[in-house]
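Labels run A, B and C following the written order; every chain starts at residue 1.
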Amino acid sequence: MLALQTILDGLVLGGLYALAAVGFSLIFGVLGVVNLSHGAIVLIGAYFTWFAWHVTGMDPLLCIPPVMLVLFGLGYIYQRGLIQLAVDRSSLLASMLVTFGVALMLRNALVLAFSPDFKSISPGWAFSFLRLGPLTIDLVRISALAASLALLGALAYVLNRTSIGRVIRATAQQELAARLCGVNARHVYAVTFGVSAAFAGASGAILGIVLPFSPPDEANWTLNAFVVVVLGGVGSPSGALLGGLLLGLISTATSQLIGPAFPNVMMFLILVLMLMVRPAGLLGNAFAGTR
Amino acid sequence: MLREAIARQRWWILAALLGLAVLACVPFVLMPFHVRVGQLILLSTALGLAWTLLGGFAGYWSFGHTAFIGLGAFAAGLFETQMLGTPFMRAQPLVGLGLGLVVGMGACAVVAGAVAWPILRLRGIYFAVAMLGVAQVLSELTNSIDAFKGSMGLVFPRIPAFGLRQEAVFYYLLLIATAVILAIAFAVKNARIGHGLAAMREDEDTARMLGVPTERYKITMFVLSATLTGALGVIYAHSLGYITTGSVYRTDFSLNMIVYNLLGGMGTLIGPMIGSVIMVVLTQVILGGFLNLHMFLTGAMLVALVLAAPRGIVGTWLAFRRRRRDAAA
Amino acid sequence: MKPAILELKSVTKRFRGLVATDDVSLRVEPGTITSLIGPNGAGKSTIFNLVTGYLPPSAGEILFHGEQIDGQSTVAIARRGIARAFQIAKPFPEITVHDNVRIGALFGRDGPRDVAAVTEAALETAGLDDFADRPAGDLTVGYLRRLELARAIAARPVLLLADEPCAGLNPAETDEICDILRRVRDRGTTVFLVEHDMEAVMRISDRIIVLDAGAKIAEGTPDEISADPKVIAAYLGTPEEP
């Protein structure tokens, strides 16, 4: 039974990892930029939700839409104002440094605004749970998993079935060709970044009700996203879901079987192993052959 | 080949030796606060140079070099406090420090040697992020395994030497370390390996076709860079007197090593020296009052730098000079 | 039979389903300029990639001076004395022409050497003396090709693989490249050439090997090749086919 419970816990964590990573994966796939401030954006979502819940008592799940809206705007401006500039003026590696710098700034700003202590969000229903035979599932975890999956599904729908999704995918594959067809590539990149930031923010809101968080965690969330992308493949929600669930299961199993200090160590080993054995990820690059 | 380079650059070498002599007089002239700033400048310069052995010369940008500062510091600290013990350290502080240096550097060489082969098969961003991971993993292990004392912390005994004040002792230690690392970097840059690395940085596959043993070279530089960084970690830890995981495994160390080189000029020797002086003076002296904004300012500086002068001070200056010469011709 | 400097024995290279070279056997005799020609996609570049160790063959053997070299690393093969000049010039753009060539002299084939003298000689052979102090990134296409050759020459190869050195050059530039290759051969380096410019190939080659669709279809002197009906068919198509 313990095994089943571990798997269940792993899946919940995995859904969260997947949602937190999908935006990182999208930016990497479409823009080719490695956004090292992604983890900080996840935490901004978490703190935003914590603040709303703490001050007004608003339900954290209801905070998701406004968080996404705000972060979409911030992400759009961030990409157009800063990252695009760095790519134009030097290189993709330099743009990665810019995001590294921004990550430090955001971490510092979060410490100043909210103190370096751990915070957590516990809504009124936090302590209710379901019993499924011998398994106990608290409502928090099950709603976190449901919300993560729903949001991932929504993103997959947007990317695959809507016109903006088609434009994003076309631009990722052939920027020049897309531009010749009248696509404003810069706008598309900024929108992609905005979408990515919005989903990062949403994952932050969900993260807040499942786990405690503090500003220095941002590095871990960025690293998690990277591992998820390496495991699942670049650029697609399904790849992120596969990578996220795998990572969730691996880290839950590792802390159960080996010790609570080791999930990151295990994760890192898997990261390096995957990069060496199958650098395109289990599902391959959704925009294969582009770069 | 090295002899030619020494002859060709004899004025630079003379200037460096003169600078060293001037710097050696500093503790007798300046106030303790300024000596401490000098210490920080030397540490930063040395770190920048140690990083550039791999990042600047071979083009493998490590985003997690603080891994070796922390590893060196904790390996030496555990050895000195657990193996040698306080009585020995009190009686023979310099011998203790020397042995600690050997252990710290040895630990870095072993760990770097062990991860070098897999991790150096990754290129560009993948290598950068993998190093970020190495730093994260080492710091977490140090913090959560009790035997490593990362969360409790380690106390280093003071090092009284020749009647000098503590800050002067570390100033001189760091001055020696900087001089040694600079000499090593100069030798590497001007030797056969340096030219091979320059080729490899520009195009690794082509370099290999020309017979440059890229695999061996990059592993050598990785281990060398890690070992020297580890030595600096040991000295830094002693200068702090008390360390925890958070005080030696610091993301901003990793970042700063890149920033110094980026600001000064990637792949040059003078670059990290100029870069570290400017950054330390700027963050410690001019903005010294905003301690809680330190990380924010470092990040902002990095962003501004990449946007304003992506080729660094040396690169911008060389481009300017070349334009002027072309205009004259 | 005199030992060949390079010999491929039944070499096959498959990429998943695609057969890039199919059971190819060929010999390159020492002291010659031997050309490898064939339509696009015939497998010429694949053979170069196999010889330099950039790709491993799926089957067959590659012998250099009678010793097996397939399976060895690119670096090891370069150090035995095989150098390659790329079709798309890959100079190290941030460093000068002189230093680019010097890297070839510093590395390349094992054995003692006078780096400065080798560098000067290679620059002179390729006619680059006047450009030695320019950054390689400033050169035009024609001169980049020469730099590519100079760097390979400086590696003091026993066998020089030249990958379409004349592609995209005008007739005068092509003549100069041909002169350089002849000079290289006359100093004792064997040249193995892939080239599309038929006129240049016919002019400078001692032997020609023709590939089509991954297989060897003909081999001989330039005169024999230009009269071979199979070769004409491969290039122009047979009259029966629509």
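The criterion applied here is as follows: contacts are C-beta pairs under 8 Å (C-beta built on N, C-alpha and C of every residue); 3 or more make two chains touch, one makes a residue touch a chain.
None of these values were measured; they are calculated from a predicted model.
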Chain whose mean Cα position lies farthest from chain B: C
Chain ID, smallest distance between chain and overall C-alpha centroids: B
Whole-Å gap separating chain A and chain B, where each centre is the average of the chain's CA atoms: 33
Between chain B and chain C, centroid-to-centroid distance (C-alpha), Å: 44
Centroid spacing, where centroids are CA-atom means, of chain A and chain C in whole angstrom: 49
Contacts with two or more other chains, residues of chain B listed in rising order: none
Touching residues (chain side chain A, partner chain B) in the complex: 34, 82, 85-86, 89-98, 100-105, 107-109, 111-112, 219-220, 223, 226, 260-261, 264-265, 267-268, 271-272, 275-276, 279
Residues of chain B that touch chain A when the two form their complex: 61, 63, 118-119, 121-122, 124-126, 128-130, 132-134, 136-137, 140-141, 143-145, 251-252, 255, 258, 262, 292-296, 298-303, 306-307, 310-311
Of all residues in chain B, those that touch chain C in their complex: 1, 192, 195-196, 198-199, 202-203, 205-215
Chain C residues within the chain B interface of the complex: 52, 54, 73-75, 78-79, 83-84, 86, 90, 92-95, 99, 102-104, 106-109, 115, 151-152, 155
